[in-house]
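What follows is a set of structures for review.
Two complexes, one shared chain (chain A), two partners (chain B, chain C).
Showing the complex of A and B:
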């Protein structure tokens, strides 16, 4: 009998090499290329494509509008994220027990999350419109006189309008994730605590929260990152205005790259964002114990 | 010695003489284009066109007709106005050659020409005998929207200009006239200055508000209001830059006066006017809620109901003011030639001759006359003959007045600011206007805007921009003639 030839020990690597090559091509190459671009002078309006050194990165530190846009982003995260979390948790508790029409209600509640954010933003813009939108009309019924609130123009109203839209669209996401997490909490533990006289808050703090924390922390992380790159709703509602008052880092990067055509500077902004997010995510993963 | 104006007159006269003196057997520019294009039968040319109503021209009218005449297909790439510059530059930078012909906003021409994205058209004009008919384009458009550095880069193809529309029935109503006289001590007349406009607007709002009519409304969203600021600033005597130092001068006393005036006028306009865009303002005027407005030419056609029975225009509110509209130049008398379009050829096109012949045919006397009368597109008259075309004059009872106003506007109109990287300057203006509506102090806003303009100029290069500005400012429509 002929001896069976042993397969090449590296055969397994050959098998996975196309997939690895593809991943590198679509993942790593653009990243490296963007880094290269960020050190050049590429603008769609200039023919000069020479090496610029760290000029674009130095400019980042002198660009007040950039840091303002980061502050605007932080403001939205700091307000919207806790509200979405608390509302989502409250809704999840509400729907934890069986009730008539529960499935249908859950399906309806989740609807906003399946709408494209740019469509949601455009729709809210119409709703907030002073002339044709119903919001001012409804407020007028309560106020007893016509209300002409300019939600996308008045500096006191633009952030409430943006944050309201954001919360409307993404609280159901928190709700769905937390409902799944709460459903998996061992009821016997909470019932035992109740029998032992533990009130809701103690039961939640020492039994429910530890049980749902891994899922909840992932939800916080996902929504936090989503909020960091918030673009569509703001673009549709205010386009970053009045002035640059609601310009977030994503909006600013878009303006630089696709309206001002500063390709290299936009790449530098993108790397600043990557660096910031890497630090934040690493810190969050450690603090939340997700690495475990 | 000849000056620029004399030279223009002589050129025009020579052009007209050449056109009028053409022997009967000589072919028109449209005929020349069709005849020459027949050798390209079976080819497809791709043209970038503004998305929406504008593109119904090549998809419903000119494209099929060109196919019928030459056997060439026309592929229309519809692009939103805000994306057009980007798409054109992307195609050029990537050398993809995806586009053959282009619609270009004239203010972009210096940028596109400097980048090398546009083909120089002079050799084609000569080769296909178009020089004569080019001369019959209305002088403002011909002299200002066609060339960069003395070379032809585009054919002016859309006579965009702002016109004041007013309600004749209100201005001629004896009861309103009396009430206005009692209130202001002045005779009611269509305002010719911005000071008059404020008096008339306030007065009419006070008199007619109970009937749901306001003295005026404008589109106030920053992309539109930006044009209105540019117009009014220059009508009031403002200069954008110090021509020697290139320091921005929009924060001058004139700028502050204009900004302050713009914000104060909102008080006699409908509530929420700060959010009005093209459609909101149109709706308010067509529904009879405003006595005056300023906008592009389609408002005038739609106010008379022309073409609004077409399916493509079913979104236009039904007019309640047909037969009641008058036309005038906006206060100051020098309206903005806001935006507009020229037809150009992409320098990376692989079908340059074929594409050129298509745009020559589109732009020709014969074909453009039909195109500016298409009810569903937004192309506005831009040739001398368009303003006196018997077909157009018969479209509605007072079309004569409308065309006369457009012609007058084209003669006195002011060009959009056009520099290197114009959109950066415009973005600053748009932001400044949105801050104005948000209630910030006009002087503070304009100081910040001027500082931003100075930074942009510094970054581009003062000397480089100074040369471009000098060239732009030398155009007949850059600033009102003193």
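Showing the complex of A and C:
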């Protein structure tokens, strides 16, 4: 009974074409469209739609607010990513051996990771409330006097607030991946090293780390990419404020495109972001040895 | 007998680990507890100073308001959009992955191009997609959002399913072909059943990604298909927030995900690390 409807030769194209079509429609088409728009002068507030050349790209280099938003993004990545990684690793070690109710405790710990980031931001907005939120109340117990910190408004506290929320939501993600990776490490190797008198960090450095690195590097890459485009948590907590103090690159691009209606300029920013990401990812993949 | 000092004994270590573990669970779960607690509190309890740590009685008034005003419909919208797009992405992504694995369609370059699509930040494409949707009259429609979520999930699905399909022994498919099955029958009768566990695992995450989306929904929906994530942000105010509504709506939007993940929990790890951890 040979296949008649789809001869084998075309079958493979039938299978893949719907997916490719959708990826072209939602992935590639917008990119090309953006590229064209970024060389024009489109702004929803004006009627001028003429070709502008690289004006928008030149403007990128003179836009202090843009570079600040990149710096804000970098600041969040540089603090949140290592903390999530180290805390996640420490927690993975803590839960590596059996303990009563281990599975239930792990399931509870993973809850923050699966709730929507916008809800995570909203939750912390309520927790951080200066009067009715529990955080200032708990801090007051330790301080011995009432604390009324304005977490989402005070310029010195907004970054701790954002990074707290971010770490709370995504450390469990690191924890879960590293726990799985650590469980796959051959325990007899580390035990043998310990009998030989090797200190913990030495056996970690030369036995455990090489074994978990392939998984750990992918976890770092995924989290790094997500942090680079961080939007929801900030939108819920501060919406980029006070002023533009916590504006990340995604928030800034959104504001330019949908609040200031600078269509062409937003397209140029989008291309800057994609170019930066491509460079960073290529570099990271090479350095981490992921290319295999 | 007692050569091992107290602090190095196995039991002491276990107790210590247990105490730290419980403390961590309390810290990580407390924010979620607080969210649930607020959703059951009366206005008097919400705006009490100092804060009330638990509601005196469980009352559902905060939820009733959401249903009465029709706001709860946004959870239904999220449910429709996330589940339908998950189904479409799983079907289209799996057959595409099969084509990539078995027939090496497009070679390694096509596979790399597909995964690179996942790197694009939503904010970079949301505007041209918006213009495209205005032109197609797809803004604020189910079809528009479902197609968007489907294609945004595809790279992940294809990437994950590629890994699972590679694990299927080739002999199994060959013997089915020899037995007279067509290529299409092999796909439905051999490949799909073999990767069932992988399908579930990938589907959970595809569902959660679409469910959690905020930016696309913020730009591409108005009232008809507004998702619950957008609805939550409507309750934020400059000076005061609608606390009870934020909490109740967040809980409504969180429960379906908790249920989904709890049901399919054993598949979680491989899916979360994009296939890096087998098992």
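Basically, the second predicted complex is superposed on the first by the 270 of 292 C-alpha atoms of A that agree within 3 Å, B and C clash if a C-alpha of one lies under 4 Å from a C-alpha of the other, contacts with A are read in each partner's own complex, and residues count from 1 in each chain.
Definition applied: contacts are C-beta pairs under 8 Å (C-beta built on N, C-alpha and C of every residue); 3 or more make two chains touch, one makes a residue touch a chain.
Small disclaimer: the values here were computed from a predicted structure and weren't measured.
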{"item": "First (chain B), second (chain C), both or neither touched by A:25", "value": "second"}
{"item": "Touched partner set for A:71, first chain B, second chain C, both or neither", "value": "neither"}
{"item": "Contacts of A:143 with chain B and chain C, given as first, second, both or neither", "value": "neither"}
{"item": "Touched partner set for A:131, first chain B, second chain C, both or neither", "value": "both"}
{"item": "Partner chain(s) touched by A:258 [first = chain B, second = chain C, both, neither]", "value": "both"}
{"item": "Partner with the higher number of touched chain A residues, chain C or chain B", "value": "C"}
{"item": "Which superposed partner A:168 touches (first chain B, second chain C, both, neither)", "value": "second"}
{"item": "Touching partner for A:275 - first (chain B), second (chain C), both, neither", "value": "neither"}
{"item": "Partner chain(s) touched by A:219 [first = chain B, second = chain C, both, neither]", "value": "second"}
{"item": "Contact residues common to both interfaces of chain A (with chain B and with chain C)", "value": "131, 258"}
{"item": "Chain B partner contacts - residues on chain A that touch it in the complex", "value": "44-45, 47, 129-131, 146, 148, 150, 152-155, 241-245, 255, 258-261"}
{"item": "Contacting residues of chain B [partner chain A, same complex]", "value": "86, 89-90, 93, 111, 115-116, 222, 270-272, 274-276, 280, 420-421, 423-424, 427, 431-432, 434-435, 437-440, 445"}
{"item": "Sites on chain A touched by chain C in the complex", "value": "1-3, 5-6, 8, 11-13, 15-16, 18-20, 22-23, 25-27, 29-31, 33-34, 37, 91, 94-95, 97, 99-100, 105, 107-112, 114-120, 122-127, 131-134, 137, 168, 171-173, 176-177, 180-181, 184, 214-215, 218-219, 222, 225, 228-229, 231-232, 235-236, 249-250, 253-254, 257-258, 263, 266-267, 270-271, 273-274, 277-278, 281"}
{"item": "Of all residues in chain C, those that touch chain A in their complex", "value": "14, 17-18, 20-22, 24-25, 28-29, 31-32, 34-35, 38, 46-51, 53, 92-93, 95-96, 98-100, 102-103, 105-106, 114, 117, 119-129, 131-132, 147-148, 150-152, 154-155, 158, 180-184, 187, 208, 211-212, 214-215, 219, 229, 232-233, 236, 241, 243, 246-247, 250, 253-254, 257-258, 261-262, 265, 268-269, 272-274, 276-277, 279"}
